[in-house]
Amino acid sequence: VRVAVLGASGYIGLELVRILLRHPRFELAVVTSEQRAGVRVGEAFPALRGLTDLVFESSAGAAKLGGRAELAFVALPHEISAPRVRDLRKAGLRVLDLSGDFRLRDPAAYARWYGEHHAPELLGEAVYGLPELGREAIPEAQLVAVPGCYPTSALLPLAPFLRAGLVAPSPVIVDSKSGVSGAGRKLDETYLFAELDASVHAYNVGGVHRHVPELEQVASGLAGEPVRVTFVPHLLPIRRGIATSVYAQPRRPLASEEARRVLAEAYAREPFVRVLPAGATPRISSVRGSNFCDVGALVDERTGALVLLSAIDNLVKGGSGQAVQCANLLAGFEETAGLLEAPFLP
Amino acid sequence: VRVAVLGASGYIGLELVRILLRHPRFELAVVTSEQRAGVRVGEAFPALRGLTDLVFESSAGAAKLGGRAELAFVALPHEISAPRVRDLRKAGLRVLDLSGDFRLRDPAAYARWYGEHHAPELLGEAVYGLPELGREAIPEAQLVAVPGCYPTSALLPLAPFLRAGLVAPSPVIVDSKSGVSGAGRKLDETYLFAELDASVHAYNVGGVHRHVPELEQVASGLAGEPVRVTFVPHLLPIRRGIATSVYAQPRRPLASEEARRVLAEAYAREPFVRVLPAGATPRISSVRGSNFCDVGALVDERTGALVLLSAIDNLVKGGSGQAVQCANLLAGFEETAGLLEAPFLP
Amino acid sequence: VRVAVLGASGYIGLELVRILLRHPRFELAVVTSEQRAGVRVGEAFPALRGLTDLVFESSAGAAKLGGRAELAFVALPHEISAPRVRDLRKAGLRVLDLSGDFRLRDPAAYARWYGEHHAPELLGEAVYGLPELGREAIPEAQLVAVPGCYPTSALLPLAPFLRAGLVAPSPVIVDSKSGVSGAGRKLDETYLFAELDASVHAYNVGGVHRHVPELEQVASGLAGEPVRVTFVPHLLPIRRGIATSVYAQPRRPLASEEARRVLAEAYAREPFVRVLPAGATPRISSVRGSNFCDVGALVDERTGALVLLSAIDNLVKGGSGQAVQCANLLAGFEETAGLLEAPFLP
Amino acid sequence: VRVAVLGASGYIGLELVRILLRHPRFELAVVTSEQRAGVRVGEAFPALRGLTDLVFESSAGAAKLGGRAELAFVALPHEISAPRVRDLRKAGLRVLDLSGDFRLRDPAAYARWYGEHHAPELLGEAVYGLPELGREAIPEAQLVAVPGCYPTSALLPLAPFLRAGLVAPSPVIVDSKSGVSGAGRKLDETYLFAELDASVHAYNVGGVHRHVPELEQVASGLAGEPVRVTFVPHLLPIRRGIATSVYAQPRRPLASEEARRVLAEAYAREPFVRVLPAGATPRISSVRGSNFCDVGALVDERTGALVLLSAIDNLVKGGSGQAVQCANLLAGFEETAGLLEAPFLP
């Protein structure tokens, strides 16, 4: 199955290239990049010399991809993504969109958090692509909205508790710490090495991050009642990885052992979610470069609060890996195809 | 005023040495280190060559310090600290203890969290040394219990709200991220560069960290009612610095503006607590190497939760700087003497 | 083909496991670790949970591996390695040894640099496993001495010039900078995060590093005359990667263009050596996690000196990847099997 | 003595501010920044809140500084610096220029390496400000050219050998590794955290770095004959610090012990140059944040090459600290005033 990656020169796009080059069933046929159109991949990114002969194309020609690929991964910024997705759909390609353009079901919510939607007619056909929380609709989907990195890291540990009605819908606190690749290759002083190194700070505090409505939409759907989340993301001086801590209030007293059992049962058959035993906590170093999401749970006996912990690689399970996982389902391949690489250790 | 530093070769001890060498009024007269006894400071730590002729002594001779120093900073591990503090007190020195041995007022609490206390008779005279939350008793104190790094980072932003009864005593969530120097120079695989670099993980989760009872003791005192805290510390791949996020529930709806005003009024005359304006969040890079604690506040309008943020250098305001700040009070010096260094930037 | 990894819990060993788990032809059948014998791999290293059911065994039983594997990778410390290699050879396995035990051909040199050799009778059959400098003997080898990481990084750029007699045999300066995984998981204060982070220093200066005789043995063989190398390794605050600069004096005036052509011709058909064009310099970030060695050359026009630059991942092309490359040759597989992964970017 | 800092918002400028704020004799009276003119220092750099009430001014008004400061530090980019220096000189201020504009004595050399000089009439009065290699002319100077960071790191270990004629003038190899603050706060993809972290690469290879003519000018002056240097700088994933290795050929056989004695004698009375004993190598962590230059020497017994090692903080001894050291001489203060801070450890 031939695939295209639109926006292949960003960090998410490059990780898609990295995964697809080793994938046993997908053939990477087209890569696009506005800034680097006409340049060989290996010339633009010396790391990739010798691994592919592809040349970056402009993504404007998306409509013409009909004959050259069956699937397209779109790793463009939101707002820019939607019109391209429309072109691709018209050209008959099935699409995995990694932007925020098709994650919110409610057009009014999109308008509030992002602005005007440029392909609202496609919102109806978009399927949310978090297989562990619902993979039924994915194989037949024409358009998959690949989840945001933060929602993935918070929803996987939290979902089983919301579904079982074990925690109150409020207050739910999500304190996330992310590596800088999540912000893309942004030319801003904030992201300079000398500014970021050896420092940490919270940003987009106060419920203004665009992952908030996505998180709440999915969480509320799982809980069957409105869930409101206080979300505080932090920037870490590392390239990749997210560590998330979720704090929720159990509806009835819960023991740590029971909390871990809830997770263990929910994910017993999931290849990419690993439930850690008592005493272990998820570490970014254990998932770096892999599609795993490590999760842990415990109850603070003194306060009764449920503490959920997770770690993912934001570029893999938080983006490109998850997209390929969905694409495997779309294409009828083994869901794990090309994704069972061991983490990058040390 | 001549001072001694017991346990001067650990990270906290070395930072004391660094501050005291530049202090305009204190004269560093004695440094001790069991492992390095008999070795010149500059030989043991090439960074300090040419800055002092002091030779590390064994701390066993503490009782004999009577004639050689008036003040002693004790940066020894808990349990080992208490007997030395007793010796020093007997020798007539006033003591600033940086271990956990004199922070808890209740001997039973100490027993529960640390074990048997080796100088329980001194618990009564120990004064908790967080000047911004109560400096009255410090100038006359014979023994100051210098606060833990995490409690300092959480209490400074939280205190004004507890005092004013603006937040509920539960749930209070404290999610802290600390650089590795907080763990000392521990020879454990966890702290090897190749293991820690580019990773983050939570540790001592579930209310088992020894800073929990300290945090709650002070918080409860401020609130006038029992406060229970869910505390989750994380280890960061940086040498110094703590970023803490505190989540609390206001007792009545609170606006972000008002929350910031609460902080601004509380710390208007404090030289070391800097209240950030709207839109700014505390950064470790802004306090690195300094005795500042930067704090910020806001209310998540969607959930009503109060979010408090802080950043300190764990070795300075979270330890050695705070100890010197207290020592300045003890000695009758300007409280800021030797402590108004600009942060290490970049 | 079933393979065993002895010493699988060290950094080099874990990287072998990482590569072999994804290898299309080798089946990882046995892993050993003295410290972790009896423990599941995924229990000892949470990063590997869910990827293998193997349990670490003691390596003492090496002699019994006859029936369980055809090939063995030995990633044990030097001196400990040799007796195990002897056992494995007796049991009929072909061996790839990653220690320094079989790299020096001259037993007297071994004695001088390492000490008494524990299996001197095998020195004769050992083949040096740097395929790009001579792969003829490898396919039939029973014992391959996998090169050291530093020699690999210096010899690949230097070899074509030595072979062609283009540079003088002295002075040759090799200034290398290595990430800390090269030292293994050593419990020593030097390797603590707080000590190493944000610092760099030279070590083993003065021709005392054990890679010196290896470097000179191979370099002299290539040059057909004795080559003496001034080698200065530096420790970098990164986990993986070596950047090496080699300074040599051309025997006749040489232009940068010509120097690059020498490299380009030498490695035109090598899949793992990438010769960079004018203006580009090798970067560790371009080879991280991959088996590539990027090389560049230029002549300082003002001084006439030849400057050669290279970058490798010390755990891959500098160890485990190179070992698997040799093993592919031994087993008659495609030399690149399992090794054409894209670098870890960003 | 009142001082001004022109270009105070760059990394070198901020370090000047940091040092001058604590200086016992200088009073920081004026700071300029084109980008941040009109903004309070503490607003532009939250790290400096509470430490100064100064407001950044435009540097265009330099000519009017006559009445407001006696000394000016100019930390502007080369070419932009020269006209400002002229204005300041006309206004009667003595100037310490940290750009490259006044380091080369020969206008033709400046033209070749930088371009047209904008204040050539001042070249004659400029004094090179490396006190350890010649402080006689500094106290009376009206204009001091503060040396580049790389030349400082290479010249201090090398100078005594050149002066004594102990090494050949060629080949001299200088392999330097620098933290990124040396490049300033440059908005370029190269300096983004995600690009630089965990990587190292050489840049400006082939004798094209502008510090080459400076290095050779001073080295040749010391040697009394033309010295040609092959200089290769590398970029490190750290914020501050330079580690330099110099390789030279002794004119007669030299023992390591003797080499160290040469250094020890040359710097016996220098407060900022620390000669390390046998077995120790300079570390960036030992000089971080300080004005020290640590140096070491040894001879590779096998090759006879002299290996010189050094470490400095590029922003302090490699820039701002050195400038203040010179300014102390200009002002008739103790040369070490404000500069004997202990390194930032850990």
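By letter and in written order, the chains are A, B, C and D; residue numbering begins at 1 in each of them.
Convention: a residue touches a chain if its C-beta (ideal position, glycine included) is under 8 Å from a C-beta of that chain, and two chains touch if they have at least 3 such contacts.
Since this is a predicted model, take the numbers as computed values, not measurements.
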By label, the chains that touch chain C as well as chain D are A, B
Farthest chain from chain A by C-alpha centroid distance is chain D
Report the inter-centroid distance (CA atoms only) between chain B and chain D in whole Å.
36
For chain A and chain B, let me know how many angstrom lie between their CA-based centres, rounded off.
38
Approximate Å spacing (C-alpha centroids) for the pair chain A, chain D:
46
Spell out, as numbers or ranges, the residues of chain A touching 2 or more other chains.
11, 181, 194-198, 237-240, 283, 285, 288, 346
Which residues, counting only chain D, touch chain C once they are in their complex?
170-171, 173, 175, 177, 179, 194-203, 205-207, 212, 228-230, 232, 234, 236-241, 243, 245, 247, 249, 256, 281-285, 288, 298-303, 305, 307, 309, 311, 346
Footprint of chain C on chain B - complex, ascending
11, 180-181, 185-189, 191-198, 237-239
In the complex, the residues of chain C that touch chain A are 11, 14-15, 17-18, 21-22, 45-51, 181, 197-198, 239-240, 271, 274, 276, 280, 283, 285-290, 292, 294, 340-346
